[in-house]
Amino acid sequence: MADDSNETSKSGPLTAVGLNCSLKPSGDSSTETLVSEVLDELRGHGVTSGPVLRVAASGVLAGVTSDEGDGDGWPAMRSEILAADILVLGTPIWMGHPSSYAQRVLERLDAFLGETADDDRPIAYDRVAVVAVVGNEDGAHNAGAMLFQGLNDVGFTIPAHGMTYWVGEAMHKVDYQDLEHRPTKTREATKMAAMNAAHLARLLRGDGYPTEAS
Amino acid sequence: MADDSNETSKSGPLTAVGLNCSLKPSGDSSTETLVSEVLDELRGHGVTSGPVLRVAASGVLAGVTSDEGDGDGWPAMRSEILAADILVLGTPIWMGHPSSYAQRVLERLDAFLGETADDDRPIAYDRVAVVAVVGNEDGAHNAGAMLFQGLNDVGFTIPAHGMTYWVGEAMHKVDYQDLEHRPTKTREATKMAAMNAAHLARLLRGDGYPTEAS
Amino acid sequence: MADDSNETSKSGPLTAVGLNCSLKPSGDSSTETLVSEVLDELRGHGVTSGPVLRVAASGVLAGVTSDEGDGDGWPAMRSEILAADILVLGTPIWMGHPSSYAQRVLERLDAFLGETADDDRPIAYDRVAVVAVVGNEDGAHNAGAMLFQGLNDVGFTIPAHGMTYWVGEAMHKVDYQDLEHRPTKTREATKMAAMNAAHLARLLRGDGYPTEAS
Amino acid sequence: MADDSNETSKSGPLTAVGLNCSLKPSGDSSTETLVSEVLDELRGHGVTSGPVLRVAASGVLAGVTSDEGDGDGWPAMRSEILAADILVLGTPIWMGHPSSYAQRVLERLDAFLGETADDDRPIAYDRVAVVAVVGNEDGAHNAGAMLFQGLNDVGFTIPAHGMTYWVGEAMHKVDYQDLEHRPTKTREATKMAAMNAAHLARLLRGDGYPTEAS
């Protein structure tokens, strides 16, 4: 399946798309907060973005193709991902793992494995991904590891320090969005992830991965 | 939330329930095949079971409570899980991970953390879980690790050799259900998991975990 | 390789052995603290134990056999593991993972896959394992998942709520051993893991897993 | 700790260093084979490299500082890593996990978190890492996930398709180095990882990540 959407991002300012894989389709969300903070930082580096996409509210069907048919919300989300230079994949932690919606996004991205752009390169090439992970407690490193590996499998590039996260002390129950102050460490991680993602996306926009023949 | 369903399983033959976390709501499924093989082996040890429950076809909503309201298929599935002595949790591998439906099941089981039975013990106590993992290639150990940890977090006991699995060679595409012969190694793993699960469930039915006071 | 050590544990009080997989061979260790707390709780359930074994100080060589030759500290540690009904495997978290010494222990346990006791059953059968994981921050669920899966692969049984852990808030630096008060949640998890391990070990000592023929 | 070694790599051809985290200090090694294949492909892209470094033979001590004192083999290995533009981290799979030596390498790299180069940037910046994972069976995705996350945590950049791997069918025992033919899929993955690593390292050498002030 050829797709020209990765051409359309090649001029103008760099763009990013944020995905919120919260289990809740609406309302307050710590994941939304952290993803938005990454997008804010990206704006400081000249990267534009639209509203965060909420997977739970987007009708993304289960499956592993790029279009699962009637009512599938994935094709629209997929177009936004392909139109952007940077993907900010945000997930809450449940049971120490990425959410089922984050895993569903990976399953839908799985179709990228067989898809190439007009230039015959894998369709996700030259795109950068960072992850934003948030939970009441423990699980961020594992969630980050699983998302990095999945995103890299399908062709995304991971910038240095490509994860920001927050979790509380073991078995605690406070939400990130309810913290009185933004934790300094997480704020710094967010800054680094955004700064590096913007830099790397700019490099790859200017000089993308070669084709196998080259 | 007190629940008497774990009383109902305390007499008569041991019972098992099989869950198939395939992404497909119907049709052939390698996961179904392997879960069924575990249930067949369990029958040889006197453990009865009904049809495998297909998560993708059961309307299990996203969430982390025991009932997410209108149209939620989880309460019925939850009752079947609590009525059984043994849970056989089967998942395909996608991107090296358990499927999004397997993660959804864990998210719904998360509510068990706050639920006790009439005897004030955690509601899942005395129940045994085994996992059945199947994929075209690589990922079974990680899927098993994540499921074991999630199931154990909410109170299931894991018998010795509590996993059976099959995967093909790296990056291959053959499905388990299409293999000409059942692989000997997987068949042996299935036998062991079933034999040990039945033994352990029998022990725990006869003499369950004590309450904290005891 | 037949081994009669699992016979020797069949009379007298239940016994446990604690392993500390700290990177440091001596001195204070948060992992030691948490493992000792599990052993203390086990004593309250009639389970005796000797001093915690410190892997970093025991000369356990790299490898995957039961004896790697001259100077290998594993055979002695292996004997203590086989002589006990309950293994308490404690690890610090580094980079979100179990320590390299915890992984080394799993690698040495790997040899159990080919070893049977006098009764032809896998050599680790009827033994129960719990894990104790401690870190400055994030990683306990993943460490627990990897240890559960590894221990289960070689024949250990995992009791309900078989993990206790402590970690601090994201990217924080406080050590468990330096906390002014033992955290309530961790103390409760320790109690549950110990209580359930003792119960399950008692059941399995009285009525072990059957042989395949039975 | 300031270090000027990342300056020294800034002129001349790109360089790579291969690490073999086999448990064996010498002799044949499937991991060595796969790491060497990555280095061979890198040479085709103008990237030079010396002999693969064998961690098990290098006296790398346990610890989390950059120099653990007398007899520590890490400082020399650390210098080679910092002198190279590309790190090829190769590990066998044991119990579905990276080897204990791979985890030890991550533990030693942990010190990078507090180290900056003369330009005040994290010391690993502008370096690219790829992973090579090999086992008799299952575990490559998990090993890759854990290595990606650990390497990224300390400042390495992961190129698109940054992993090559081989594993056999579930519970099989054939070694990669003994295969009659190099598997096509693995060979293609090796080519892609090398091509993309070389491209990304070249971009980052020409235009490294900015400092926070910029």
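We just call them A, B, C and D in the order they show up, numbering each chain from 1.
Methods note: a contact is a pair of C-beta atoms (placed from the backbone, for glycine too) under 8 Å apart; a residue touches a chain by one contact, two chains touch by 3 or more.
Everything quoted here is computed from the prediction, not taken from an experiment.
Undergrad: Please flag the chain sitting at the greatest distance from subunit B, going by CA centroids.
TA: D
Undergrad: Report which of A-D and A-B is connected by more C-beta pairs in contact.
TA: Higher C-beta contact count between the two pairs: A-D.
Undergrad: Take the average of all CA coordinates in subunit B, do the same for subunit D, and state the distance between these two points in whole angstrom.
TA: Going by mean C-alpha positions, subunit B sits 37 Å from subunit D.
Undergrad: Cα centroid separation between subunit A and subunit D, in whole Å?
TA: Between these chains, centre-to-centre, one finds 25 Å.
Undergrad: Averaging only over C-alpha atoms, locate the centres of subunit A and subunit B and give their separation in whole Å.
TA: Result: the chain centres lie 31 Å from each other.
Undergrad: Two-or-more-chain contact residues of subunit B, please, as numbers and ranges.
TA: Within subunit B, the residues that touch at least two other chains are 95-97, 141, 144-146, 149, 153.
Undergrad: Could you pull out which subunit C residues touch subunit B in their complex?
TA: Checking each residue of subunit C against subunit B gives 122, 124-126, 141, 144-146, 148-149, 152-153, 155-163, 191-192, 195-196, 199-200, 203-204, 207, 209-210, 212.
Undergrad: Subunit B touches which residues of subunit A in the complex?
TA: Contact set of subunit A toward subunit B: 23, 56, 62-64, 94-101, 103-104, 106-107, 110, 146, 149-150, 153.
Undergrad: In their complex, what parts of subunit A are in touch with subunit C?
TA: Subunit A reaches subunit C through residues 95-97, 137-142, 144-145, 165-172, 183, 185-186, 189.
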